[in-house]
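Okay, structure first, notes after.
Order as written gives the chain letters A, B, C, D, E, F, G and H; numbering starts at 1 within each chain.
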Amino acid sequence: MANVSETGMLDPRIFEDLQRKIDDDAETRDQLRAILQTIERQGRQTQSILSRAHSTPAAHLQPVLAAAEASIKEQVESIGKLSEIASKGPYYKYNGLWTRDVQNVIFAILLCGWLGGLAMEGEGEGKAAEAGKLLTIEEVGQILNVPVNLKDRDAFHITIEEYLQSLITLIEELARLAINSVTLGDYQRPLQISQFVKDVHAGFQILNLKNDSLRRRSDSIKYNVKKIEDVVYDLSLRNLVPRP
Amino acid sequence: MANVSETGMLDPRIFEDLQRKIDDDAETRDQLRAILQTIERQGRQTQSILSRAHSTPAAHLQPVLAAAEASIKEQVESIGKLSEIASKGPYYKYNGLWTRDVQNVIFAILLCGWLGGLAMEGEGEGKAAEAGKLLTIEEVGQILNVPVNLKDRDAFHITIEEYLQSLITLIEELARLAINSVTLGDYQRPLQISQFVKDVHAGFQILNLKNDSLRRRSDSIKYNVKKIEDVVYDLSLRNLVPRP
Amino acid sequence: MANVSETGMLDPRIFEDLQRKIDDDAETRDQLRAILQTIERQGRQTQSILSRAHSTPAAHLQPVLAAAEASIKEQVESIGKLSEIASKGPYYKYNGLWTRDVQNVIFAILLCGWLGGLAMEGEGEGKAAEAGKLLTIEEVGQILNVPVNLKDRDAFHITIEEYLQSLITLIEELARLAINSVTLGDYQRPLQISQFVKDVHAGFQILNLKNDSLRRRSDSIKYNVKKIEDVVYDLSLRNLVPRP
Amino acid sequence: MANVSETGMLDPRIFEDLQRKIDDDAETRDQLRAILQTIERQGRQTQSILSRAHSTPAAHLQPVLAAAEASIKEQVESIGKLSEIASKGPYYKYNGLWTRDVQNVIFAILLCGWLGGLAMEGEGEGKAAEAGKLLTIEEVGQILNVPVNLKDRDAFHITIEEYLQSLITLIEELARLAINSVTLGDYQRPLQISQFVKDVHAGFQILNLKNDSLRRRSDSIKYNVKKIEDVVYDLSLRNLVPRP
Amino acid sequence: MANVSETGMLDPRIFEDLQRKIDDDAETRDQLRAILQTIERQGRQTQSILSRAHSTPAAHLQPVLAAAEASIKEQVESIGKLSEIASKGPYYKYNGLWTRDVQNVIFAILLCGWLGGLAMEGEGEGKAAEAGKLLTIEEVGQILNVPVNLKDRDAFHITIEEYLQSLITLIEELARLAINSVTLGDYQRPLQISQFVKDVHAGFQILNLKNDSLRRRSDSIKYNVKKIEDVVYDLSLRNLVPRP
Amino acid sequence: MANVSETGMLDPRIFEDLQRKIDDDAETRDQLRAILQTIERQGRQTQSILSRAHSTPAAHLQPVLAAAEASIKEQVESIGKLSEIASKGPYYKYNGLWTRDVQNVIFAILLCGWLGGLAMEGEGEGKAAEAGKLLTIEEVGQILNVPVNLKDRDAFHITIEEYLQSLITLIEELARLAINSVTLGDYQRPLQISQFVKDVHAGFQILNLKNDSLRRRSDSIKYNVKKIEDVVYDLSLRNLVPRP
Amino acid sequence: DDKAKKPRRDVEASSSPFMPMFENFRDELDEHHDRRERVIKASRDITAASKKIIFALQRVRKLNSEIPESIAGEVLGRSKGMKAQFDTIAPDLTGLNAWRYQRQISGGIQEYMEAVSFEHYLRNQRLIPLEESSRLLPETIPLTGDDYVLGIFDLVGELMRFAITTIATTGSLPSSSPSETDENTVGSRDVLQDLRSLRASFQALDTTSCGGTGLGKDVEKKMEVMKACVEKVETAVYGLIVRGRERPKGWVPDLLDDRAPVTVESY
Amino acid sequence: DDKAKKPRRDVEASSSPFMPMFENFRDELDEHHDRRERVIKASRDITAASKKIIFALQRVRKLNSEIPESIAGEVLGRSKGMKAQFDTIAPDLTGLNAWRYQRQISGGIQEYMEAVSFEHYLRNQRLIPLEESSRLLPETIPLTGDDYVLGIFDLVGELMRFAITTIATTGSLPSSSPSETDENTVGSRDVLQDLRSLRASFQALDTTSCGGTGLGKDVEKKMEVMKACVEKVETAVYGLIVRGRERPKGWVPDLLDDRAPVTVESY
């Protein structure tokens, strides 16, 4: 600093400030990466538990759901820490860093909810919720303890795009579940899945999506609808379910 | 919407909200583009006026400065409108759209200030300011009527990076001015420029810049320093200025 | 085409028509390419002649100009043929094929005119014109015998963009000429060039150019203005020219 | 190099040494490439033999396995030579050159072992081993006669990553084998494959993979799990296999 | 040439020779492009005819094959002209211009031959050939009336690489044909295709290909083998074909 | 080969032949690469010697030229070996492998000749040739002992394109030499270079080049012409050279 | 604002003899750029509206009959908006300028073609000809062959989506005579047959002479996508057939009636 | 946190016979990833510190003498920090792992080489040899020839900046004996001569055998940049000469003494 003429017109703090800003930014990114690593690890754990649903008859699902809820609870805590760090900067500045991990958490919540876990307060907590239910974005936000679809202020939240991405992943998982339910001898669940997926599909059809990643992935929905319909057809053909 | 079963578990507003958000975003961008077009046009006008400094002896600069100040005033108003529209969304979400135009405005202010225009309040407004002065980022913010280097809230402001980019442009312009001053028979101004640019150069040298556009452009400073030094050397050699 | 079932969904004439359109288009392109090859060859010849201006003192320029005028005359004839073929299709459909060659011709005319050749009718043909003159787009059109800046009908013509592109090339060439004039011991021509180029620069500065090729190249004007200012500086410093 | 004066800035031996290093390195690479070409050719032979498993009923697999074992034996010898050359430099310096070929050998061993070949010593060599077995990395190392997962010294060995990559290739191959088993009328093997692949999948799920090639390829496991589930579904639906 | 200083050190013939060479080259390329345009158009015609095979039961294929043979005959004539022009220059200088079109012709011949067309002399011309046959490179050369795999002289010929590229395209087409055969109610052809493709695959498997385009495309063979195995699986599962 | 079904439709020689061809090709390439490595290393040596010209006054250049001639002689021998190997295949098949190295040799010869080395027979060998001379393509061929611009037979030779590419490199080198000559206190050489480069430029100007690499690089000539004109300008302005 | 600035001329500029000329240039170029901007904006809006129409039409399940009222209503509404867009830029795309802004409007027109041809196909099960499509545009706006073809290329993708979604939700391939049970009625066509006709026509179209302009630039990639789309439908139909052929012992499915009669193409 | 999770095993997983094996793999891979992360972070920090040292050294104006105290102090401070960084990762780069994380540490080591060689040059006006540089690193961390060469390539850029800035601010080219006025002292060398030595050595280095790895990958681009840097200094020196040679009539400048004696290279 000594060689900046001290009587000069240049305020050296300009450069010091800039340096501080650059350093702050690097530090925030490092903190975000650290917590995201934990979230990713926990996410893997939750997925691993939930994947047991494919080989567990619906009647014996309760322990799986309990384990999943416990694992999700850990993730909720981590999301809390993420939210804290993230609020150090503008939401959209770092959003790209965590959106994939957040989508994974939402998917886990949606699947657990669909299977009958995560009963919401109004429904009598503790008691198993009814299966086949779609948690709304507000309910997901409540579980994660973060705001959703924020428009009036700049804070950590869950966007509608993230919710929809997770919903598409849910549909893919349910198509697989329909197949494996038959293997488990459960012929009712494919029908339930079929109705659910058709309803969601109808919803997506009224969206005017731009040519973005959401649109690309939403094209996969129709293949999953078809796969599930094929299962229902196979069962109908063999009189294993009532005619639709 | 009619074909989404109204008794379904799917809240149709989820999708309506998403649509609205996507549409809002597009509209904001359109509004920004409109005001930026005006700012760019005004910027060209200001540059055109300020470029007369290269062919006007320092003694006759007053009318040029007055015209430049008037033109800058118009830009300040437009920046006000830009700020208003920009605050509809998070700052960093749209920042890339306007940063180049904002840098141009800052450069015009810095050059006008350096030439002796834009006297700040403390200095007795109306009276011509002393030439050779670097307006600080705060003074620039005051003239533009926007906050600078904002850290605690998410609003429109001027970043340090933008100020520095404009400062580099100022140095390029002053190198040209040094050459043309000699042609106009003014042998003092090159000395003044030489001192000023050396001071700024020293400041830049202590920055630890990342491999970004700021660094790439800051490399150009040393060439301009050398060019100005060559002018001073040429004048010294001919005894047209006192030995350094 | 016979193999598309006639009672099918598709009227085979749809594709036959398309094929015809495509074939016609290809033929026009072939004809254009042939004449453009000739124009390019002639253009090279004209450039080669005009480049002698860099090593010929102004006083002895007359034979060079006469040779250049003869060469340009040949190009004018070729442009006539181009115009004929080009009018077979919409002007802007094929414009991209010839615009570069047409810009070369316009540049040759502008340079020849600037050096004092191509005296226009009003000025007493045959007699050498005054040097340092900018031929207008209308004069260029007159020399080339084609309309300019056509708006009310679709025919071959010279666009403003093409004229401006050639004008930028002229400035680049004059910057080189300023350097070489000093080598030839001519200290007046750099001053003349300096004034001319500054005038043109001022004109460009008030244009609102979009981010297109014209804008990109117009950046080179500023570079050449600086280069010529450097020459004037060198001469002023050594008292080789009168003070402005 | 002799022409650099010794009192100069540069000791000529610096660059002579560098050149020698570069040349030595090139020679080692050439030797490695030669032996790897042999290994690749042998690998192709082994694959070709093992691919007969897709069209051979399990009961008649013995001759295929015997031929494969002989072919693998040849590769083991070549790996020995590779190991010898490789030990001229640090293991990880050239690892990239051979890792793909080594993965191919490991895959051949894993597949052959899964099909019931390569009975390990403890199991009574010569006798056909039980099918459906996963050879551990240690067993693979024993067959190849090289150390595995070495940590305390720098020598040729097989890494965990290589073993896992080959395991993913094994899963892809088994998915194909499940399909072809049904074609051959064997409905048991798909069930055996299904269980095996699920077990391996569960193992992969607890790994914390970074964004590297292992992660990208491990995504294919999920796809193959689904494909095998589809086969089991088809068989369950038609009562061709007992309920789980 | 007159304006190159006549006392200069530069021999003007250098440039005259070069000009001549460039012009000759351009002319040969123009001739090649003209004939290749014809070949490509004929190729489209042939493909268009052969694509009917996907919707025509094997029993009614005769008229399609007759039309294809006629179309191929026209191409053979054009290839003759190509060969003539091509022999004006070194084979490998222009090879890149036509190799794609030649591969297309070879593919058409291979597909037509596989479907039972293009009976070779020894088999009793005129009579329909047996379907499912692979024409050798020599037979293809005989049909096209050009030498194949030439090594001792520089003349137009078909290279082995071109033959293999076309063979890979044939496999892709047969995978599509296997699917469409089932739609046409023909369950035998997929089995025939399956055996054929497996044989070709086995051949490719033992080739030691360098890392060139052939190697990259040969990866697609494995993908198509699997696709066809899936078809055979579907048919076997439903007892639509006899067990192997 | 035994595992290709022997009753199959596939002639196994197809693949055997292909293998042989691929192997032959690989061997030729290996031989070419070996000799090219030698040529490149020798080329580096020659460049290294010739680069001393930038720091050696013209009067003391003789030892440098003698060393360069000796180094070039070694390269000529290597080119002889290259020619031998290259004639195993068609010239244009492998031309891409060596053209860059051959251009380097030609450039070294042209530069050495321009500096006054490599006196041709007619001029009295041994005696230093006059500086500033351009060796013709025939003279380069004579020195390299290979034919040039061959059109009637397929053998190793030097093409006109290669000669011109090297000529462009020579111009780039001379632009650098003009700068460094001034540093050495030699004000005559820049004038000599200026005249030489202008002559070559005039030759290039009348060529009708297609849009190939030659055209792209020939644009650099104009840039270097300007650079040398700037040097002559600097010298003229300061009366360091006589007026032209 | 703009008008106010024009008369002003600064010191250096006013000494330049070329200022009047440059002021004239400025005005010309400004007009050009404004027009260009309007066209770009309209093209973007038309693209968006066309996409929305296509989305709406993808909810149709029946071929060769009137579009259901709710969908038709939405389509009509958007079409009207689009018509208004076209009308506002029609003066900008007149005469000489018709081709001048071709690159700017092209995207919009292609997407518009896709929508128009999709609707026409759903109603009539026929490909709309260029002239008929061109009549749907304002008189002064030309419909180029390139834009028509590129629009139809994308139509194949929409037909694929329509076919797969219909198979997925109704269990049968859309065809012209869903009410008739006779599997081999002459004249009855299904979407796959139509897609194959389109594929054959596209493949026969020679665009090698187009170079890097318009069609030439995109056609290779579009061709691959188009072929893949047709093959996706072929694979879906294959799935229908393979499933439909399996009959559990002693069971005669009346579900069969809902299935599409997959006929053999007659050419 | 991490430890607590390991013992847990869920229902399906515990039924898989491969879990113990995979748990072992997981631990191994986690160790590997952690080491890798540490190395990457250290490399980034070392790069940043090296850049800062280079920035500080760019304030030096005198060649072949001790670094001014204020700058030397800053350099020393940062060097110490860097040494600590190296020491912490030294165990991660030992034995087998020395080359394992080569790609991760390489960037840092190259930048470190650039800083070390720049300082060595400023002090001694000589190129630091590989062995001497290697001794500055912890014993277990190898300095590869590739990293050494790539660092020296970038040194040329810094020497160019040093030369141009010195010319710009002092009006003379840095050279070894700025006190001596004799223009042709044998043994006196300037930066340009040194740059030309480096250029010649680089150009003589044959890296064709390196292929796409390490040196081979970058050398072509770096060579072009290096040549351009040398030529920039040549042009700057040319400017000095051309200016210095002009003598206004009857005026003998004593300013000349401040100018560098630009000697003719002796080889």
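Miscellaneous remarks
FYI, a contact is a pair of C-beta atoms (placed from the backbone, for glycine too) under 8 Å apart; a residue touches a chain by one contact, two chains touch by 3 or more.
None of the values given here were measured: they were computed from a predicted structure.
When chain centres are set by their Cα atoms, the one at the greatest distance from chain F is A.
Matching residue numbers shows that C-G is the pair in C-G, A-G or F-H whose interface repeats D-H, with more than half of the contact pairs in common.
Averaging Cα coordinates per chain places chain E and chain H 55 Å apart. Computed centre separation for the pair chain B/chain F is 50 angstrom, with centres defined by C-alpha atoms. Chain D has its Cα centroid 36 Å from the Cα centroid of chain A. Contacts with at least two other chains are made by residues 3, 52, 202, 206-208 of chain F.
Across the assembly, chain H contributes 12-13, 59, 193, 200, 204-206, 209, 246, 267 as residues in contact with two or more other chains. Of all residues in chain B, those touching chain A in their complex are 1, 3-5, 8-12, 14-15, 17-19, 21-22, 90-93, 132-134, 136-137, 149, 151, 154, 160-161, 163-164, 196, 198-200, 202-208, 210. Residues of chain G that touch chain C in their complex: 12-13, 15-19, 21-23, 25-26, 28-30, 33, 36, 95-96, 98-100, 102, 125-127, 129-130, 145, 148-149, 187, 189, 193-194, 197-198, 200-201, 204-207, 209-211, 213, 215, 265-267. Note for the complex: chain E touches chain D at residues 198, 202, 205-208, 226, 229-230, 232-233, 236-237, 243-244. Contact residues of chain G toward chain E in the complex are 193, 196, 199-200, 203-206, 208-209, 231, 234-235, 237-238, 241-242, 245-246, 262, 264-265, 267. Listing the residues of chain C that touch chain F in their complex gives 37, 40-41, 44-45, 47-48, 51, 54-55, 176, 179-180, 182-185, 231, 234-235, 238.
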